[in-house]
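Each of the next two complexes has chain A plus one more chain, namely chain B in the first and chain C in the second.
Up next, the complex of A and B:
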């Protein structure tokens, strides 16, 4: 178990700045997910933590000790690669034990620990096979076994599930989560899959072009995204962004949005919740209203009397996409396509006008220029 | 994949005629290619009377190994009548170390160029590659001077050195292109596991290399064994490789021209490369087509 501190870490290749000053601090036993699209620098950062890449500027500390100039083998980390990187010429047993063999662990000790790891990952019946004789999921387990057997201070995962098919990916995701709960070891996990990030992380760091956009718990990232980039990246279907104007009606601040209902174009007023009543300086100005599809649904009067933050409006339905559990209902608000999640038994046909309600308590407001949260 | 030969509607008379034409052509080409070897082989088993009286294509009346024995141990090469034997061993002593050393150095260089990339690694590789395109003749004079300076002129070790130097660009090319397809993650994983430069090479890369090792060995063996120019330029007399000795054997005539001995000598000279190809040829094809390492 270990703490990991990353202080103002930078990486440049010639004139290209890949990482522009990263600051992260991890407690003992945390599960950090580095989330971002390809090319955002997340794998570079992981390689730098592993010591496989040099640090241009800044410091990386493991257990409060600067490791900038420590060789990867002496950092007490283990890494699981996207390609698994199993040694093709060695059996599963040799693969798992290779790290111990290099560290001159005695044969008996090695066998015992390989045994333990193989049993934990349910691959002890595969010990004498070569990697080529294993399925994708089994290779993944062996790769994890190889990391596990060394009992490192920190586990590093580099997109470990991207080469698996959808079903296996979900299974292995749960395995990794279980493993973390069982071992309680600090883990750093790189992915571009926001669902993996949400399900696994104790904290997520979202990277974009070498900069951290937000570093917070999954729930915080989901509910209070720091900017429009984070809001759009996390969640599926993605958050709706609706151009709106801040107005005051009956002494309450709200947003005014253009929409079509019963064949006519008009504005609708949606009151803002109490914690957003202090943005008086925005009156008359344009903002972007961010609404998650599941907070926008068919109107239920019973719920509305209970929760004052639910705001009603009518709008014409354009397209329906049934998914089984919910029907994604496409409507147009403020000139943008917007998705609402509606119970399949409460949908209206395309072209009809339907009664919606939106939970403004879960809405986010963004500055259209800086794209930052207001 | 569909079996093209058994698709429905594929059995018209035209198709059969086409097949016949195709096989006729292929067999003709095959015969044309194999004929010289047959003539050489059959002539080597004939005695001189049979050669004089028979035709070129007639088969020997009996298998007569006298000319082979003569070529191996009695034929005159220049003024010394020792047969090919000492020169054959010269070639063996030259080829085996040259092949092994150039292969090992090529593997190490290819490994360093792909897996321990340093600034300018590609530039270094391009310059090494340039060596593949330098004609033998260009390096003759500087090489002769170098050998003289090193005191290796007219010796087998001198030829070994020449062939190692000249073979390196090819062996580096082979290994570099093979190793470039081996995922870098393997090296990273091994580094984290605590293996160093030579351990990774020995324990991980080399066990993956047999296909390319076979390709390189066949290539180098054929090149070095068959070399004539370096052998003829840098050695005289007793230090000559078998290719040069063969030339001198054929050109040394004492009275009547013994075609059967010439043919037997040519076959003795060619035998090792043929043997290497027959024994390892299937690995050669496999190695040339082996791209990425799965797993």
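Up next, the complex of A and C:
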């Protein structure tokens, strides 16, 4: 268990700045996910924490000790790689025990710990096999066993699930989560898959072009995204962005949105919740309204009387996409395609006008120029 | 009339075009295949037959059993040639592989001007053994090369006379052949080293292995196929070596550095002993087969398993 502090860390290759000043602080036992598209610098940052890459500027501290110049093997970290990086000529048992062997752990002690790790990952029956004789999921387990057996202060994962098929990926994701709950070790996990990030993380750092966009808990990132980039990256289907104008009606601030209902073009007023009533300076100006598909659904009068933040509007349905649990209903708001998640039994046919309600309490407003949250 | 004719001729034409399309690959390969059957395998068979006759200057075709083989193995020169093959082949293969491997590992450290160094090491391969032999003959000639140079620099006691020493002449062949081939082995190893997953090396680093440990325990064992192919390429070069001997030592002093190929040439074309030459050629073929067949066997078996 360890704390990890990253202070203003920069990395450049010649004139190219890959990381432009990263600040992160992790408590004991946290699960940090570095999330971002390929080329955002997340793997570089992980390699720097591991000591496999040099740091251009800034400091990395493990347990409040600067480790910039500490050799990787002395940082007490273990890493699981995307390609598993198993030693092809060694058996599973030796693969797992190799780190202990290099650290001159006695043979009995080594065998006991390898045994323990293998049993924990349910690979004890594969101990005498070579990596080439294992399936992808089994290799993944061996790679994790190799990290596990050393009982490191920090675990690093570099896109460990991206080479697995979809079903196995979900299984291993749960496995990693269980592992974290059982061991309570600090973990840093790199991925470009937002679902992995949401399910695993205690905190997510979203990176884009070498800069942190938001560093917060998954729920916070999901509900209160710091900017439109984060809002669009996290969540599937992605958040709807609707151009709207801030207006005042009956002493309440709200947004006015263009839409088509019953064959006519008109605008609809959606009142903003109390915590957004203070944005008076935006009256008459354009904003981007961000709405998650699941907060936009068919109208239910019973729910509307209970929750005052639910706002009604009618709109013409364009396309329906049934997914089983919900039907994704495409409508057009403010000239943009918008997705609503509707119960399959409450949908209207394409071309018909349907009654919707939207939970404005869960809506986000963005500045269209800076794309930052208002 | 014309209509019915074209209708008839079309289906008649198609089978030929189709036949051509299906068989074009076989047609292209057929001439070389026939030539190889005749000139390679045909003449192997002919040599094999002649080795069982008492052919002298001209081939005769009356079968005489293993007379030539008995004669061959009674000749001390042949024994010298086979011993030389053993010494030369063993040392040449071992040193070339070890040196090539070390060079490849050194170049794998992302040194500066790697492209240039790689070319420098690889270039000897582009030179024929005749040139290599001649150049090294000059370098090793006591009155002309290294020894003369050190003497003229004032190191009068320096002596390096392997080329004219009948006990050591065979080692000069090893020096020249290693000089020529180790760069090639290096290129083979370097390509394989570059194919090793860099994440494996990173993982080994984190596991606390030193650089020499990483190479010895993790990387080199994965290069087993490269070791094997280098061994077989160098081994058949060793068995066939002829021109290097001709250019560097001429088989001398005396017969001390003669190799089986030189023996075969000497007997067949200089001393009018075609039957004996053919027998020695068949012994060389057997040597190559003894190396190649296990290799092919293991390769094919692995592919079946894989």
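Odds and ends about this structure:
Everything below uses one rule, namely that the second predicted complex is superposed on the first by the 374 of 374 C-alpha atoms of A that agree within 3 Å, B and C clash if a C-alpha of one lies under 4 Å from a C-alpha of the other, contacts with A are read in each partner's own complex, and residues count from 1 in each chain.
Simple rule for what comes next: contacts are C-beta pairs under 8 Å (C-beta built on N, C-alpha and C of every residue); 3 or more make two chains touch, one makes a residue touch a chain.
All of these numbers come straight from a predicted model, not from anything done at the bench.
Because the two structures share chain A, they can be overlaid on it, and in that overlay chain B clashes with chain C. Applying the stated contact rule after C-alpha superposition, one finds that A:78 touches each of chain B and chain C.
Once chain A of one complex is fitted onto chain A of the other, the partner contacts of A:324 are absent, as it touches neither chain B nor chain C. Residue contacts after overlaying the shared chain place A:351 against neither chain B nor chain C.
Looking at the shared chain after the overlay, A:131 reaches chain B, while chain C stays out of its contact range. By the touch criterion defined above, A:88 reaches both chain B and chain C. Contact with neither chain B nor chain C is seen for A:284 once the two complexes are overlaid on the shared chain. Counting contacts by the rule stated earlier, residues 47, 50, 52, 72-73, 77-79, 81-89, 98-99, 102-103, 146 of chain A appear in both its interface with chain B and its interface with chain C.
Those residues of chain B lying in contact with chain A across their complex are 183, 185-186, 188-195, 199, 203-204, 207-208, 293-295. Within the complex formed with chain C, the residues of chain A that make contact are 47, 50, 52, 72-73, 77-79, 81-90, 98-99, 102-103, 146.
Per the touch definition, chain A reaches chain B in the complex via residues 47, 50-52, 72-73, 77-79, 81-89, 98-99, 102-103, 130-132, 139, 146. Within the complex, the chain C residues that touch chain A are 197, 199-200, 202-209, 213, 217-218, 221-222.
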